[in-house]
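Quick one: the structure is below, questions incoming.
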Amino acid sequence: MNKAISTTQAVEMIPDGASLMIGGFMGVGSPRRIIEELVRQGRKHLTVIANDSARPDVAIGKLIDAKAVDRLIASHIGTNPETQRQMIAGELKVDLCPQGSLAERIRSGGAGLGGALTPTGFGTVAAEGKTVIQVDGKDFLLEKPLTADFALLGARRADYRGNLDYSLTARNFNPIMALAGKIVIAEPNEIVPVGVIPPDVVITPHVLVDYMIERRQTNGR
Amino acid sequence: MEDKILIAKRVAQELNSGDLVNLGIGLPTLVASYLPKDTDVYFQSENGIIGMSAVPGAGLEDDDLTDAGGIFIGALPGACSLDSCMSFSLIRGGHLDLTVLGGLQVDEKGALANWMVPGKMVPGMGGGMDLTTGAKRVIVAMTHAAKGASKIVKTCTLPLTSVRRVNLVVTDLAVIEPTEEGLVLKETAPGITVDQVIAATEAKLIIPAQVPEMNIA
Amino acid sequence: MEDKILIAKRVAQELNSGDLVNLGIGLPTLVASYLPKDTDVYFQSENGIIGMSAVPGAGLEDDDLTDAGGIFIGALPGACSLDSCMSFSLIRGGHLDLTVLGGLQVDEKGALANWMVPGKMVPGMGGGMDLTTGAKRVIVAMTHAAKGASKIVKTCTLPLTSVRRVNLVVTDLAVIEPTEEGLVLKETAPGITVDQVIAATEAKLIIPAQVPEMNIA
Amino acid sequence: MNKAISTTQAVEMIPDGASLMIGGFMGVGSPRRIIEELVRQGRKHLTVIANDSARPDVAIGKLIDAKAVDRLIASHIGTNPETQRQMIAGELKVDLCPQGSLAERIRSGGAGLGGALTPTGFGTVAAEGKTVIQVDGKDFLLEKPLTADFALLGARRADYRGNLDYSLTARNFNPIMALAGKIVIAEPNEIVPVGVIPPDVVITPHVLVDYMIERRQTNGR
């Protein structure tokens, strides 16, 4: 099966109001072409689960600029004043979650676990409303699993079948979101023949990837 | 010497060869520039790499290689990439030897507040809560006071980053070690007296018989 | 036709192109040999690979490439290696389309017992409990009876593998679908009558008006 | 720092009664030289955490044969009749745990989590003595974290610094055990210069590896 589609086709699958996990960290490793197409097609009322909202006009920041997001679940918004402005104005609901807990919540959702038991945040405002579970006398917060309608990933390479690898710090949340999206769309920088990414080097197995964005073709120009 | 550089130089003395170290954004980042000679530490950036270095030169920047602030970095031979779960498994699982973080307040129990000023600044905790909770050692690097108010307080009035007692606080006036008994004044900054530190500190300090001066080159 | 081959051929019809499939040790392993033409499925071995194949030939065996039973296998182009956490994240997280497992008993609720006979056989559950709990579809492939006793029972007397209702049971006598209402007889084996199946089954069966014969080449 | 040591030195660090996580699956990916040296030095009363005990005279099976193990935490012992014999005779205590739960327990121990919340085993004998935790109406077993005094890993390659990669199905439990052992000793098939294993290909970061077994030297013979 050929999983390659255009950004237009990819975004046409995503309805207003959808929940999206978007890989990347301050824009590094984010699926930029998909994000731009979401803005171009005027998608609205999205829930976005991501580490951060980057900066204005950068990656997820473009969705914030376009007022496409109703709710953001993230660990950090300090680098995007527009996110903070919309939050304070009541236009955007923001749920803040410690970064390591956010990662484990996504992994739990994708791995069929009931959540993560973490010591992080215990005794702080991050614990508000959360269940505390004692294990052998130590206190842990129950951080509930997260899943989303779509996971939108940036990747270095995909092979024809959809196996993915990543480059350096562009890996970040992408591999765990690949587990937790009902429909997973990858935006690789390159698409390569099967076998170019050896079995031990594949980070995200092709069975998790439903679609991938076709290469830009330059025909040598 | 500029206060920030003094603090960075003193913190740098706490790093040991072989340590895995995470430096927070801002002042803590300076620590990397003042490593003692022959101290070979590994820097982790929690967005996903062990073995980060300064960007190696103009034209060598890589869109896929930045620190947690989104600033271009480089990577040393032997570096390795981590996904976010693995990165925080190292942090939360006690594999990180040391984190150096900025601070807004540290109190007599050694608890740190550094991520939020209600009604003013809500940037999110990022990785700070995990770092403070999980690192083997937590060093707070900050100015002793802000706008005339001591940042070493009886009880934190700002939201806590973690209930965990931090291991050391290094300021422009002093080195302070939070212990079960309270905050122990370990060193004073060059030219600063013990009485000056006491006067500039809201919290009660335990003063040993000998309080040496920081040994800063 | 040998019973095992009949069962394997019938189960093989349940596999669809693109499926991620895990075959249990023993009888289920045979299913791979009877895939319908042009059915391109991916086999996972839970010890850590997607894309396993039969060992490609003498002299090509690899000490580092076996199935969960420790038997040499091969790998197809596009295969990928998994650590045990990732392997079971796929299984438990609902990413595995189908698992085919052997059985000791299936009961009227569709619960499976297949890992232990108290006092006799305590091999451990291995990955079976995770597979039965997490796979999108669970097919039990087993003989209808053992030593004269029906393995399709009212209530499992052996320890359960999972409380989850399995999706299909394929035996040498019948295809049975556990549903909320009970066990529905879907097909009979070639030459076997509905009455023969009923007689060989301890559990109550729901018998539709039409019960076709398995379509086995 | 040079982490390379001999198998003799490695095993001299391990006292009688120690708890050991041992990587491998039916012997594939197990640290065979360390295991043989444990037997040679006559280590006793060990607790072993591993997926299985392989077969008699194979990998962990050699420790069972030598009666070196008092307690085994594993998912499967069906392939080793000697393990079953010792268990039935009361010479060896065996705790059986579903394979996916065992993997998550080890990861939890290594990642500072309070345990794993899994649906696996709910309503079966595997749930006996375990806490059930409801999350949003669904039942999960609390599977407690595991750690060990030592983690003994098989690996394909280590670089001089201790970064590891693995080969195909020899990966299995090794990478997660690397997180959960207080002292981690790797037995690589090869030791290669720093840089031979690129950053994106490293599976186990060197900071987790305390020692590695030196190469066998043949000097061309």
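Each chain carries a letter (A, B, C and D) given by its place in the written order, and its residues are counted from 1.
In the analysis below, contacts are C-beta pairs under 8 Å (C-beta built on N, C-alpha and C of every residue); 3 or more make two chains touch, one makes a residue touch a chain.
Just so it is clear, the structure is predicted and the values come from calculations on it, not from any experiment.
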item: Neighbouring chains shared between chain B and chain D, ordered by label; value: A
item: A-C or C-D, whichever has more C-beta pairs in contact; value: C-D
item: Geometric centre distance via CA averages, chain C-chain B, whole Å; value: 55
item: Whole-Å gap separating chain A and chain C, where each centre is the average of the chain's CA atoms; value: 35
item: Centre-of-Cα separation between chain D and chain C, whole angstrom; value: 29
item: Euclidean distance of C-alpha centroids - chain A vs chain D, Å; value: 32
item: Shared-contact residues (touching 2 or more other chains) in chain D; value: 104, 107, 112-113, 118-119, 156, 166-168, 171, 199-200
item: Residue numbers of chain C (touch at least two other chains); value: 49, 75, 81-82, 85, 88, 92, 134
item: Arrangement of touching chains [line / ring / star / complete / other]; value: other
item: Every chain pair in contact, whichever chains are involved; value: A-B, A-C, A-D, B-D, C-D
item: Residues of chain D defined as touching chain A within the complex; value: 104, 108, 112-119, 133, 135-136, 138, 140, 142, 144-145, 156, 165-168, 171, 199-201
item: Chain D residues touching chain C - in the complex, by the definition given at the top; value: 25-29, 51-52, 54-55, 74-79, 84, 87, 96, 98-104, 107, 118-126, 156, 166-176, 203
item: Residues of chain C that touch chain D when the two form their complex; value: 45-49, 62-70, 75, 81-85, 87-88, 91-92, 116, 121-130, 133-134, 159-163
item: Parts of chain C lying in touch with chain A, wherever the complex brings them together; value: 17-18, 20, 42, 49-51, 75, 77-82, 85, 88-90, 92-95, 134
item: Touch list for chain A against partner chain C, complex; value: 1, 107, 110-113, 159-161, 163, 179, 194-195, 199-200, 202, 205-208
